[in-house]
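Structures for review follow.
You will see two complexes here that share chain A, one where it goes with chain B and one where it goes with chain C.
Up next, the complex of A and B:
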């Protein structure tokens, strides 16, 4: 890989630049819009850098919609869903990956099939069931839905991570006299940790970002999660108040970005690869 | 299924310890997922409606017979397929390119990795709002750039009959591409570097090294992620709900938007459930054909 020619390298950098621009420009535009005063947003020649940057859009956004309450609702729902989903999915994923039983086959089949089900087919019966349980317009109802909804993918990911842990390591521990539970905790779990972190992260972000179930299940503004509240900024005519809209959208993204930034290193750390090589 | 397990531990039946591990996930799956799905399928054969006073009744296949003649639904279905293919294919190609670049020792790689996080971490609703700002006819950067380059006045992308679907598809590609790239990158980093070096010593060029060393190792992940992407894209809702809400004139009305309106705006639970069943059936067939085809290719190799 060290012998890549200069021309090829230049091409790679050019392609990388293309990706950087494509990935970054909408986000930069969002930030730019969030800090522009109404006068600039109304002008026909918008600029990348706000000529007269202001925080008034943020003040207006908080005044118009219950953003803090919505953020708290989102955080509670996403945290609960991620923790519960990973806690119950990890043991089952282990069994699915390690035991070739009929149940494992059925579970794998269910994971695949459930992915093909459009949410509308799941949400209508769930809506009716939750309505009977009095869980419509509650965060608990939403968490229940989120847990079930993130389980297939959590199982899928975790079973893959378990398979990547060499059986030989577990067997070696067994030969050394470690019991089954001991092996799971002291050999398998540490190797799985990056995978579990990645999965929990995924479950958290998908729940935090989720819109459809929240839209259907949460009716009153004080119960609604952030994505649903954000859509209230969009006027009926689509002629939204651009400044507060951008400001609120920008704020809603920050927690997700922070979570990703913190855990990304752990996911891509290649802990597994290192453990197998040594 | 047959011989992959050489370990002495594998067995046909689960022991008590294994059941203990399985139950915490199995119960919610059965009660809150398998159950409701069967219930949902059953609903498709009823006249279930929101806010009805008289009891719901079985009506056989009436919903499906109505659905066959519902041209609005089939228009929507076609748009859904167009959208799903139009997003999934470029998404995969771009993601593979990005993953290969990120696997190289390039400067600024960290920046690309950081930026790749943005679309993935962002709530779909925010992605939609953000691109509405980009596409905005007056205050949007796209039209401003077009004006600066002297290419005309630009247009109102999201409300134009011809431009709405392509504009929405580009947003879909942007939103899902990094996630796919990260999955592929993880696969790339698990491919043995020794093999790469050996192939390079044997004089294989980059192209050959990719097809003989990288791609075989990457293929299972590539298959899984592209199949999942296709399903997710077909079932997409939030992005388009925010960007166009199905407009203009239904040009971007994905099947999920259609079914959502039928169920929760008009309260036709039974009819919407029938739509869901049709969507599942068609997608399952398409996917089965795709996966079986690919897996066969794998075996023959």
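Up next, the complex of A and C:
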């Protein structure tokens, strides 16, 4: 019995290791490519470790494209979108989760249905709306689109976290004399923090990686975001300036990794909180 | 806590306030401002474009052009949205095979009345045909590339085959024979050819012109229908047999793009790769020191050394309020000397006859002379101007050719799909 469970456990770890390798492969290959000179990229027998490592791809990427400006634009758009989406979604999610009514059922239905629309369907109407608001070619317009785009899922995600907070805690606070606002701020909000962090991370990464809205809405080079600028290393028929593209793409993943690392603990807690019913 | 939240809101407000505005105003300050969206992506090409824009802006203080870099990958969707929203760039860089929908949709200006006579006369009629839709001209074709064979010179010489020239290229049957001989000389696990056929339709149709293949036939009522003749079968059958019967072409490259075949070419696994003329730049950048390569003309059939091409184009948006100024800028970009700079930047051939005569493009180095010799045989690709072509290509032709080349279906089935299924698609667009 013991022996069987040890073997099973070893198999599980092996499967997990295989999955991790599968997940990490593209990123590790990206890093390897970023440090390879052009001639090594054309080798018939590619190696994981660059034989003649170079920073020339990074130099070329920075020389050819305004990566810093684009990264700053992406950061502003993603941060603003994440904060605004969470600020709007949190109270809405609370109402949806705590006050069961036809309206909240309808709102939940809308949230689910809205996820089914492909964004190519939405882009032209959105473009026209933003044009009428004078928000074409502005990061504000882009942030507005990102907030609208990530709000349904953020709402749905946060509502799950709110439901996981025991209602009895709020009732206990009320018995102790706390008003509705005090209860929300001092009791519910701290318990929701992991969920808010997870939702904010989701909204941030969605906005950070988004390409098509940014491509269509931003007209001038100094406004363009990082995913748009990265496509400038791509040519027709699948041709690509692979070295500089890999270098720039590697740099573009760093902020997401940093944000993830910073709030990883909260997210893990948040996921558990959302998963377990009280 | 409250202070932190207030500080965060203040920072976000400031950031957003800083990001708002910046809408360029067509001619608010008395100056005309034009936006030029270029799809140039290689460094030399981007540099050439930027420099030409700088030169224009220095000479024309009243008509300032802003250079905006677009991307080949998403240009169609991006332009469609911009056209619909009335925010398209004034001057648009694209390719002729992407223009049909925009031209018929009324998004692009008809340039017939705007083109300077110099430009009209400089570019040959076959090139103008690639941008003529109905009675209008919707772009200026300026760069094009024939498909050529990039070959490992050492392997070719060692095999003892006749080396083709632009004047005396291989015929399609000779090409098969030569490929067998080269493969035999190379040894096990190596192939004379690697056909990168991730996008098989344009390769097949464009090379098929040399055998007299047309595939698309315009009827007396103006409607276009697909028809498959013996001439249309020459190129597909050659490729199919090289992969499945002769085993002179690698099966593993059928699903990949041109760039992905280069390591095999450099490593001696393949002797020849059919590629666009501009791939020479990647070879110069990536080939190992001492790699001896050459450019050979593609094989020809009964129709001679002709090929279909979809040139790169410069168009003007119908909504642009400054079409004449935009055309003046296009004329500046495409002066013979400037066309040569753009061609060298993109490693392609200029369409203009004056630019094509430039001595710097007639050198043997890097295969330039071979390309120039092929230029007079370049014709409008047979299909892209047909309404419904993109859907026919994506839904019918691409899977049909891919399955045929891999040996999954035979020629009869290929014909059935291209013609029967294909005509159903075209009929919806041409009622």
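Things worth noting here:
By our rule, the second predicted complex is superposed on the first by the 264 of 278 C-alpha atoms of A that agree within 3 Å, B and C clash if a C-alpha of one lies under 4 Å from a C-alpha of the other, contacts with A are read in each partner's own complex, and residues count from 1 in each chain.
Basically, contacts are C-beta pairs under 8 Å (C-beta built on N, C-alpha and C of every residue); 3 or more make two chains touch, one makes a residue touch a chain.
The structure displayed is predicted, hence computed values, not measured ones.
Following the overlay on chain A, a clash is recorded for the pair chain B and chain C. Of the two partner chains placed by superposition, chain B and chain C are both touched by A:41. When the shared chain is aligned, no partner comes close enough to touch A:186: not chain B, not chain C.
Residue contacts after overlaying the shared chain place A:134 against chain C, while chain B stays out of touching range. Judged by the touch definition given at the top, the superposed model places A:220 against chain C, while chain B stays out of reach. By the document's definition of touching, of the two partners only chain C reaches A:241; chain B does not.
Comparing chain B with chain C, more residues of chain A are touched by B. By the document's definition of touching, of the two partners only chain B reaches A:26; chain C does not. After overlaying the two complexes on the shared chain, residue contacts for A:115 are found with chain B alone; chain C is out of touch. Contacts of A:51 after superposition on the shared chain: neither chain B nor chain C is touched. When both complexes are aligned on chain A by C-alpha atoms, chain A residues 41-46, 120, 123-124, 128, 211-212, 216, 228, 231, 233-234, 238, 240, 242 touch chain B in the first and chain C in the second.
Of all the residues in chain A, the ones that touch chain B in their complex are 1, 3-4, 8, 12-13, 15-16, 19-20, 22-27, 29-30, 33, 41-46, 48, 87-89, 91-92, 94-95, 98-103, 105, 107, 110, 113-126, 128-129, 144-145, 147-148, 151, 155-156, 164, 167, 171, 180, 205, 208-209, 211-212, 216, 226-228, 230-231, 233-234, 238, 240, 242, 245-246, 249-250, 252-253, 256-257, 259-261, 264, 267-268, 270, 273. Contacts from chain C toward chain A in the complex involve residues 1, 8, 12, 15-16, 19-24, 35, 39, 41-43, 46, 66-69, 71-74, 77-78, 81-82, 84-87, 89, 95, 198-199, 257-260, 262-264, 266-269, 276, 278-279, 282, 285-289.
Of all the residues in chain A, the ones that touch chain C in their complex are 38-39, 41-46, 60, 64, 73, 76, 79-80, 83-84, 120, 123-124, 127-128, 131, 134-140, 143, 185, 211-212, 215-216, 219-223, 228, 231-242.
Against chain A, the residues of chain B that register as touching in their complex are 1, 5, 7, 9-14, 17-18, 20-22, 24-26, 28-29, 32-37, 39-41, 43, 94, 97-98, 101, 104-109, 111-126, 129-134, 136, 138-141, 144, 147, 174, 178, 185-186, 189-190, 196, 200, 206, 224, 228, 231-232, 234-235, 237-238, 241-242, 255-256, 259-260, 263-264, 269, 272-273, 275-277, 279-280, 283-284, 287.
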